[in-house]
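Next come two complexes, and both contain subunit A; in the first it sits with subunit B, in the second with subunit C.
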Partner chain A sequence: MTDVRVSMDPGNLPQLPRPATEPWRAVNKSKSVKLAISAFAPALVAAAVTLLLALDPAIGVVLVYLPIQILTSVFIGRSLYGKKGQGDALLVVFTAFFSLLVGGLLLSVILSVITMGLRAMSWQFISQNNIYITPTTSLDYGGVGHAILGTVIIVGLTTLLTVPLGILVSVYLTETRSKMRNVVRTLVQAMSGLPSVVAGLFIYSAMIVGLHIGYGGWLGSLALLPLMLPTVSRVAEEALRLVPQDLRNGALALGAPAYRAFLQVTLPAARSGLVTALILGIARVIGETAPLILTVNSANGTNLDPSKPMAALPTYIFQFIANVYDSSVQRAWGAALMVLILVAVLFTAARLVSRDKRAAKRK
Partner chain B sequence: MPVKRKLSTKPHSLADRVFFGLARSAAYGAVTLVGLILVFLLVRSVPTLASQGIGFVTGGTWNATLSHPILQIGPMLWGSILIALCGVVVAVPMSIAAAYFIEFMAQKRIAKIATVVIDLLAAIPSIVIGLWGLTVFTPVAAHWAQLINAGLGFIPLFGNGTANFAGSPFIAGWIVAVMIVPIITSVTREIFSQMDRDIINAALALGGSRSTSFFKVILPTASGGIVGGVLLGLGRALGETVAIYFVLNLSFDINWGDVLENRGGSVASLILNKFGEATHEEIGGLMAAGLVLFIITLLVNWVAAWIVNIAQPWRRS
Partner chain C sequence: MTVENPHLRAKDVNVWFGERHVLRDVNLTFPANQVTALIGPSGCGKSTFLRTLNRMHELIPSAGFAGEVLLDGSDIYAPEVDPGNVRLNIGMVFQKPNPFPTMSIKENVLSGLKLSGRKSSNAEELVETSLRRASIWNEVKDRLNDPALSLSGGQQQRLCIARSLAMNPEVLLMDEPCSALDPGSTRRVEETILELSPEMTIVIVTHNMQQAQRISDQTAFFLAEDGNPGRVVEFGTTDQVFNQPIDPRTNDYVNGHFG
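Now for the complex of A and B:
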């Protein structure tokens, strides 16, 4: 025993050989090798087995790959962390599997829209309208120009109606102390669950059957209103709530009436959030199809008069999917790509606007 | 001596009264809109409901050519519920896994990208999903359905007497799942992110592992919010129209649970399907169908909003 104590003197320490593994490190060489094996080996083995036995890829994934992956991960998890490594390995495998499934589905949607849509895309497809076009007409003629204009007019009108209304509702929810606020908030949010076809049916029964007004773009705008309102008012409410209460109180203490405190202090402070509300609201309704079919009908020519039937991108897609001809489905994909481009532009704009807000806050 | 000003919390100047009046009328207007939609649909559907009676939601015949048309939506109503359930069963594991991945596993930068990707999925219009579902997804899913049927066909749920695997509630359920995954994920993710990290760390410090802290701490704490998110997704799934319209074969021959068979129902798709060449009586029937659908989704959404509200105390003002 005494020998050991004597050897504590640093000068006398014997030079120990460096161990092959360094178990005290969180990630050492043997651990990373094992982790790499558990990550890649099952996929390789399963791919080899599937190819060699000429199995169906679907069977290969579910009946070969998943069992091998689970077994490998459990064994390696056990050898690395003992018993609790088993459960962790299972958790990691399932989380990764389902997350990749979500990502794969999304990727499949986006990639197929882009690849199929690009085949139809050309300047003439964007600029021309649909007069004299049948489902079998070659893609060299006709396009979605009229539908793009129709979508812009219908959604633009909806925006003009909904955004002031939505922002006023959010003002009511944040700037007043009324007891009705919770009721209003719940009801407006319940509207977000309104099936879009029912919104269309409402305008149809109220306007077209009830008042004998003919199909028209502005009825479509009205039908989109209840679908857009919950999104706008929710996002705007969050934006207004982010403005510090001290700013409002400061303005009021300086003698400003409530409306000027709002217009000159709260509104500028929440501007970027309100723009986000506007953009997200537009993105919510730009692809809505069922309400437009019920209220706007459709047109082949270019029409800028919202009191008459007009085409829109979603109804254009709807019209052309139904046909089985290749060129017709191609047109649908082309229009789908146009819709996705519009949505992507709106979302990028929303992110840029909200980033500005964060940058401004840091200063 | 200046006149004493009355102290009051009510707005006293005209401009302020106009300002708050505008806000109040907008709020009440929005509430009125919900009521108006209900009232209009109710008025238009009363004749149908009166002539069809309770059979409207329980019966399974739709024939508008008779002198006394029989309009019943039972199979459609059950089909909507069946598809929504299929969608939820598929979407819940995916959503919880994605939310767990974003909040607890991924690095900050990857988590941010994944969040944007999920939001993007929410922004894809349903007509685009329908187009994808019809041309890209249906062949793949029909193949899977065939394999499931070959392997597990002895279970009644997966039986299919015909050789046709397209247009089934199974495929429609997957399409709906693609559309509700973002909703459930974003609610779950928010619950996860607002969770008290101390209790998770405490579980780890007591010797728990990732999996035990997930199953014994994270999941029970977040379950209320997750259920609310699932119900929100269910409401969306019940009202889904165009995406299902293209991938589902509507049939008045009621399909109780053979999810792989080429027949199903959906109230929203029925409205779109019959709307074009509907007779006057049929329009009334479709209005009534819309009313039933709206009431169901409204109830589901209210319960969902209530649960989410309780589970997210930091949201209450």
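Now for the complex of A and C:
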């Protein structure tokens, strides 16, 4: 390279080694070739070896592909960027590998629920209930309609009870200066570690054994409450904390009492975060099975009265997956898909309802 | 210095944050319908002092206060006084524009009424006069229902001024209202202040010496030396403080020798 160190006298400006006709690039041609090799070659080689030796794919990935990929990336990383590149390549390989692994597992769970569930899915499966259905009845009869309604009622009741309570807790934690805040926060955190079966057992022993109240949907809602509350209050607390103090001060400086400042300024500003709290809370409890088995029991017919035993999707799955008959297992898969669909529908609805009306109007 | 027609008066104001004494024995008088500038280096307590004038100070946890603040002769810290009512009479504009993000321009102007639980008989008119007084009416009259956040920073600040004016306060406190604004918006806000001053007592904290000279009638210079609590070093007409300061430290500060 030519020496470009030139004194900065005017009229003696440094000459560039060559005219800068092209913009500078972090990745030039030879670099991109090397990067492409490190990205694809190990996979191709590993695939070939695995096929030739007829290895198990999992073994091929872990014992053949991963070592080759690490060696190639480290070698190329070192040749491109020196010692730092070596460590960098190692980290990139590991993070990419494990995120793909986790993402793949998640995808496989969802895909198997969808593919298996679709075999049972039909309008009749969604709309009918479980009366006269035995584990061997063909999939042309019966469905989960009663369980969908049961889940919606039980979880809906839980939501009605928990969301106001959770938001009140989060208001206490963010908007007051009480000395008890840390105690409350710790209690709520401890609550989130409560095993769901214990919540169910508590309601079972207190209400059903203790007070001789019969199984019923509302007892299930009570059992789900302590499971949903920590999620709702924690997310709502974060949402309220994100509202800038400036806004609260602005409202108070206009002469507002604290409760009006909260209701008219802080709460609307935190709205989308509070909807997230609602959604995550529902997602937390919609699949809970153990508390419902202990407190709601189950029903084969459609029951809209929450004081009586009722069906719910998780307990329906539990009931049918225990049987070995094909049609039973397929019903369970169908119900599992139904839970996913229900969650998706609820989330979309919540997002649509909570969308900023003003932002929508502007379009 | 003696002031005729005192409107707002701070008597022996002392302020603590926890154990830390941050303001000592501040005595200032704000005459009616004049602009008073509070100047001084960062951390000397002038913003803190401003916040004691409408009881925003006490919202900070660990804040302590002693002294009196008299509005038309009655102490706003008297036990029977509701801080909400104090803030209705003594409005405040903050350093960073803080329009309410979920409200439209119009709703922002009317937010003070809603927040203090009042009704306005002619809301439309109030919106227009408030926005006119804050000299932003012409820019927003065709989009009063747009979200407040669609405005530029300088417009947002003038909207916040309009929001305060809609409550028709007797005193307006401004905490470095132009520090987040570009020169053009700063000029507009200064013009607004000058237009308001014949009908309103204004107290403004500023770090900008030129701004203090352009808009204020009197100036107070605050200083906190070597970990001591802040106090007022000099208080007088703006002309005096800037051109014939009595204290050498004032002279150093207004001429940019320190701070």
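Basically, the second predicted complex is superposed on the first by the 291 of 363 C-alpha atoms of A that agree within 3 Å, B and C clash if a C-alpha of one lies under 4 Å from a C-alpha of the other, contacts with A are read in each partner's own complex, and residues count from 1 in each chain.
To be clear about the criterion, a contact is a pair of C-beta atoms (placed from the backbone, for glycine too) under 8 Å apart; a residue touches a chain by one contact, two chains touch by 3 or more.
The structure displayed is predicted, hence computed values, not measured ones.
> After the superposition on A, what does A:257 contact: first (subunit B), second (subunit C), both or neither?
After superposition on chain A, A:257 lies in contact with both partners, subunit B and subunit C.
> Once the two complexes are aligned on chain A, which partner has more residues of subunit A within touching range, subunit B or subunit C?
Touched residues of subunit A are more numerous for B.
> Of the partners subunit B and subunit C, which touch A:186 in the superposed model: first, second, both, neither?
In the superposition, A:186 contacts subunit B only.
> Can A:106 be said to touch subunit B (first), subunit C (second), both, or neither?
After superposing on A, A:106 lies in contact with subunit B but is clear of subunit C.
> So, A:205: does it touch subunit B (first), subunit C (second), both, or neither?
Touch partner of A:205: subunit B, not subunit C.
> Looking at A:347 after the superposition, I want to know if it touches subunit B, subunit C, both of them or none. Which is it: first, second, both, neither?
After superposing on A, A:347 lies in contact with subunit B but is clear of subunit C.
> Thinking of the overlay built on chain A, is A:98 touched by subunit B (first), by subunit C (second), by both, or by neither?
Only subunit B; A:98 stays clear of subunit C.
> Which residues would you name on subunit A as touching subunit B in one complex and subunit C in the other?
257, 260
> How about subunit A: which of its residues touch subunit C in the complex?
Listed in rising order, the residues are 177, 244, 246-247, 249-257, 260-261, 264-265, 268-269, 271, 356, 358-359, 362.
> What residues on subunit C touch subunit A, complex-wise?
The contact residues of subunit C facing subunit A are 54, 56, 59, 61, 84-88, 91-92, 94, 96, 98-102, 104, 111-112, 114-117, 146-147, 160, 163-164, 167.
> If we count contacts the way the header does, which residues on subunit B are in touch with subunit A in the complex?
Counting only subunit B, the residues touching subunit A are 11, 13, 15-16, 18-20, 22-24, 26-31, 33-34, 36-37, 40-41, 44, 93-98, 100-101, 105, 114, 116-121, 123-132, 134-137, 143-144, 147, 178, 181, 185, 208-212, 214, 232, 235-236, 238-242, 246, 268, 271-272, 275, 283, 286-287, 290, 293-294, 297-298, 300-302, 304-306, 317.
> What part of subunit A is in contact with subunit B in the complex they form?
56, 58-59, 81, 84-85, 87-88, 90-92, 94-99, 101-103, 105-106, 108-110, 112-113, 116, 164-165, 168-169, 171-173, 175-176, 178, 180-181, 183-184, 186-199, 201-202, 205-206, 209-210, 225-226, 229, 233, 241, 257-260, 262, 283, 286-290, 293-294, 314, 317-318, 321, 329, 332-333, 336, 339-340, 343-344, 347, 351
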